[in-house]
Amino acid sequence: MDFRSDNVTGAHPKVLEALVAANRESVSSYGEDPISARVTRKLSEIFETDCTVFPVATGSAANALALATMTPPWGAIFCHEVSHVAVDECGAPEFFTGGAKLVNLGGKGGKIEAGEIEARGGAGKGVVHHVQPASVSITQATEFGTVYRQDEIAAIGAACKRHGLRYHMDGARFANALVTLNRSPADLTWRAGIEALSFGATKNGALGVEAVVLFDKTMAAEFELRRKRAGHLFSKMRFLSAQLEAYLEGDLWLANARHANAMAKRLADGLARLPGSKLENEVEANEIFVRLPEAAVAGLEHEGFKFYRWDGAQFLRLVTAWNTEVQAVDAFLAAAKRLLAANAA
Amino acid sequence: MDFRSDNVTGAHPKVLEALVAANRESVSSYGEDPISARVTRKLSEIFETDCTVFPVATGSAANALALATMTPPWGAIFCHEVSHVAVDECGAPEFFTGGAKLVNLGGKGGKIEAGEIEARGGAGKGVVHHVQPASVSITQATEFGTVYRQDEIAAIGAACKRHGLRYHMDGARFANALVTLNRSPADLTWRAGIEALSFGATKNGALGVEAVVLFDKTMAAEFELRRKRAGHLFSKMRFLSAQLEAYLEGDLWLANARHANAMAKRLADGLARLPGSKLENEVEANEIFVRLPEAAVAGLEHEGFKFYRWDGAQFLRLVTAWNTEVQAVDAFLAAAKRLLAANAA
Amino acid sequence: MDFRSDNVTGAHPKVLEALVAANRESVSSYGEDPISARVTRKLSEIFETDCTVFPVATGSAANALALATMTPPWGAIFCHEVSHVAVDECGAPEFFTGGAKLVNLGGKGGKIEAGEIEARGGAGKGVVHHVQPASVSITQATEFGTVYRQDEIAAIGAACKRHGLRYHMDGARFANALVTLNRSPADLTWRAGIEALSFGATKNGALGVEAVVLFDKTMAAEFELRRKRAGHLFSKMRFLSAQLEAYLEGDLWLANARHANAMAKRLADGLARLPGSKLENEVEANEIFVRLPEAAVAGLEHEGFKFYRWDGAQFLRLVTAWNTEVQAVDAFLAAAKRLLAANAA
Amino acid sequence: MDFRSDNVTGAHPKVLEALVAANRESVSSYGEDPISARVTRKLSEIFETDCTVFPVATGSAANALALATMTPPWGAIFCHEVSHVAVDECGAPEFFTGGAKLVNLGGKGGKIEAGEIEARGGAGKGVVHHVQPASVSITQATEFGTVYRQDEIAAIGAACKRHGLRYHMDGARFANALVTLNRSPADLTWRAGIEALSFGATKNGALGVEAVVLFDKTMAAEFELRRKRAGHLFSKMRFLSAQLEAYLEGDLWLANARHANAMAKRLADGLARLPGSKLENEVEANEIFVRLPEAAVAGLEHEGFKFYRWDGAQFLRLVTAWNTEVQAVDAFLAAAKRLLAANAA
């Protein structure tokens, strides 16, 4: 009953089976294997466009490599102040770009607003004293478990276009957003202006793989060199690609995300009914932020439930995943109900 | 019958089994899992000292992170001119260090000599116009399939100590060297002055994992931050650690290396007996460098044997691995014999 | 009648005379000349401590080199959101540090507050996901023409000490602050915890020189290498040092700053008396920020007065300098008065 | 009687007069002044093409900024193994490029050969494991006091073009080469393929200024940002430009170089006549490399002559400059003659 993160989970059995299946005979290294080729084709189908695909092993690598390809060292990257790239990567974007500046923007529910990009996207352009607006990175789903609507993505995309900014999506939880929105992957990415996507799989059932999907193929040659130079080119690439293939096969990724989201909804709905609990943000993916009295929080911890206290004592982050069990959710809700009642008494 | 590299192989079945076994329940992310702790203990036993262990997924990451922790941006890293860090990592050491300079040294059989470090290790120290001697990196086994003897390692180590240089070993094929030398891992590393080791597993039976072993633990805190910042900290770390655990369990790593080396010896001995073939370098690990007439090389290629033409047309690199079959070696030898005879006729 | 900046001025005649005087015979290059040695001694006297002095040619170089010596690539530098290092150096601190993160703080009048450093100075320490608090940079006088009091500097210094942070002062206008505060240079720097000072001279009468003054001499060796590596080590160093010597000789620097500040006060006092003008910030050094109606601003521009429109249309920045003439100030005030009256009518 | 370097000299009086003359009234900062504009026009005339000119204060800055604009972080820069960029800049090119690799080439007299660029200029292109050939930097005059002929420059230029490499000239002693070759500046630079020139002035009569001359103007926008970001944009730019203007005015630069070269020739010719002295390299500019017996070297030092012992005990580097006096040369020769005779006796 571990709600700390979707990365405390293992891998989906089908992903492991794919690894075993991939472990046959010798194949060319560094991505010249047939599985890697099939993954590129499959993602091109899914996104309805001929895209370039680079598997890497971590989300930080995917984001930092993509942003470095899109941003010169003197560039500004606009992102939300709670975004993973800004807060949780120990400065990886700064390292990979050679010292670009992340400009933190506010915005409700972890989402930046097109108006901000409109207003700031041209600031200081051509003035050598200032870093130069270069790119925008949004997180889908956001760190707060909300999702950008297609029109929101597209509005930011239009602002990027107007100001000549590159446009990146950190999709560590892209699947969770996708199944909520009921729109096509293409609509939510390149048709809305996205040029590079960090397509997450690790949190949603893989062992450790993300695909950088480049919709603008002119960036591919540079990306490849950056990936190698950063130690992120796997010699036995088939084992990254096999994970992705299984993840996409039969829409496993969507099924996994639907399950995680459903568990989050069940948890959120249950909490919403409990007096004394207060939900923060819309629950649109697989993360719930909730405030509970300290006695209840401590009680839950004491009973063995695991979760993070966010930004302060009584504000919890609960994350569901592809393998969260209904019983775990219900057990949490029952315990919370009991503890809240005792606290109110 | 693929002799291109030991990285065209898959993983040993036991390594895959370990992944499956590790795929149970939720565990803490980022290395706080029990498997990772066990791997550190196991490597501490193997090296007979309390060391710090950081699993990463690629050899380039292991080397570049270690060297960056050992070398300031204005530092000089002494290495052999054919070493992986100098030639095959697209400048990863330069990237990770923030622009240190690799000083390429010559030396027979891919080995640098202690005398070179003695002579150059203090050059320009304190003179701001010059990069500052900072570290030495040796490759064990070397790119040419030779191995450093313990006294050679220790002599370089003594020179490092005298000049205040850090000392790193790229052990992508450490196991292959170890089984040749019949000395303890400790003797061949920290007792000879090595402070950080890139302990390879990928080429020798894993899917994709190397352990950076720090014998000088004062580097650990910085290393951890560098690893994260480079996108090389796995959230589901258990899947790297599980590979390492299986790799070490029951001395699988040594068995694998012994097999690869035996196959290399069989291949080398066979080639040595063939008139018209000329072996280069001692074959002390799992790589063979051999010169053959073009007709023979072309013939081998035509018959489906795979290998690299090194540095020019008729100079072949043949690599054996943990799973190379005797039949493949013998088939290669038979074909070579036949083709050489035809050519001589 | 140019109030755009104190860097539109030329150099004080005595500084030029010193250049001419320094232009005699051959001397050792790269700072091994007698003038450079005298400057170090002189600054050690002025600061009442044995400090290390490195002349460089620009303020950006002084700041970026100092911060890079104080901050690892994964470090956080706390600074004010309007500070020069954050806004006006095109990312120089990020470049020189290898990608550290500037954390922008608010604070009235361009001054950060000790409480902020207390609160944030330890955040995330040892957690690899986050950049690590490393240093604080304050600007004296600030970008808004205010000055930190000694107790304010010392309070931030105490917070730095508590959290193990390095402490830097950007003193591009240090002289202007000093003459306002009537405290010793030592009291306002190292006695209050400052470990490195960018001691400005260019804006206050030199051609182009700043001295990086290190109160913590353990940083000197690294600083020297960084300076060279950044192309900021002058071969004919005597010509930087000669500027500094003349600048310090007979307290020219203090006289220049007193004049600039007096002119600013005269201008501010005059503006304060004009209905329709609204001063922003205390005028404690040589910068005035004032709001005027657009008609008046346009009128002043039309009459040939030069200044910057700050952050928007009717918000002016006026800077006085070591050579600002009383007549220029009075002419500006007279014009403003006339234009404001016309506008009010 | 100081022959250590041409940077132990002061500035030519006319350069200082120009500084004094430039020190009038307020002018726009950061290069928006009329003197800077005139310098660009003047250099465009001299080079018979519309070029972009960026003054910086040091040769290392000029070289590193130019190379960084011409070379991606994963690029290889081909240069001579004794070149200033390779040996004497503490890794500045690596720092400014973000970790590019300098590939050291041999070549007689400090000159690289076109054949080397032909042979290596395409090596590894598109192979992600290797750094990518990106640029070539030659030094004119070389570190050994020799000069490239126009056809040599052009042959390298042709090889660059064939391989898509950028082409840079470190012209710290460009004037000295030019007056030797008796060809136009255009012939020796852009007409031979050079795209960026570090046009030296410091060593030849300025206080501290070099001009980066970009013949390919498409690099200008990036260069400007890099210069600012590196702290090399002077606020009071007029004082750099004024030095350049005086340096070019009335062909002062050529007269200075002619004098320095003539003194070198006098010194070399004199030494050539002395039994026991052995000149190394052609003396084609203002540097002489000569071997003398230790007794003679020690004697010269004892008599107060200053010079560097190069690469070992009895190998001297002697450098003449724009202000070297005939008497100094003759005194050196007389002393050498006397000491050699005594030694031979």
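Going by the order they are written in, the chains are A, B, C and D; count residues from 1 in each one.
The criterion applied here is as follows: a contact is a pair of C-beta atoms (placed from the backbone, for glycine too) under 8 Å apart; a residue touches a chain by one contact, two chains touch by 3 or more.
Note that the structure is a prediction, hence the values are computed from the model and not measured.
Peer 1: Which other chains touch chain C while also touching chain D?
Peer 2: Common contact partners of chain C and chain D, which must touch each of the two, are A, B.
Peer 1: Using mean Cα positions as chain centres, tell me which chain lies farthest from chain A.
Peer 2: It is D.
Peer 1: Using the touch rule from the top, work out which pair, B-C or B-D, shares more C-beta pairs.
Peer 2: Greater number of contacting C-beta pairs: B-D.
Peer 1: Copies chain A and chain D touch; is their interface built from the same residue numbers (over half shared) or different ones?
Peer 2: same
Peer 1: Measuring centre to centre with CA averages, how many angstrom lie between chain B and chain D?
Peer 2: Measuring from centre to centre gives 42 Å for this pair.
Peer 1: What is the distance, in whole Å, between the centres of chain B and chain C, each centre taken as the mean of its C-alpha atoms?
Peer 2: 51
Peer 1: Which chain B residues touch at least two other chains?
Peer 2: Correct list: 73-74, 89-91, 95, 98, 128-129, 225, 228-229, 233.
Peer 1: Hey, how would you classify the chain contact layout here, line, ring, star, complete or other?
Peer 2: complete
Peer 1: For a test of understanding, state which residues of chain A touch chain D in their complex under the given definition.
Peer 2: Its residues touching chain D are 30, 72-74, 98, 126, 128-129, 132, 221-222, 224-229, 233.
Peer 1: Would you pull the chain B residues touching chain D in the complex into a rising list?
Peer 2: 73-74, 87-91, 94-95, 97-102, 128-131
Peer 1: Where on chain C does chain D make contact in their complex?
Peer 2: So the residues of chain C touching chain D come out as 2, 4-5, 7-11, 13, 16, 19-20, 22-29, 56-65, 89-92, 95-96, 202-203, 207-208, 225, 228-236, 238-240, 306.
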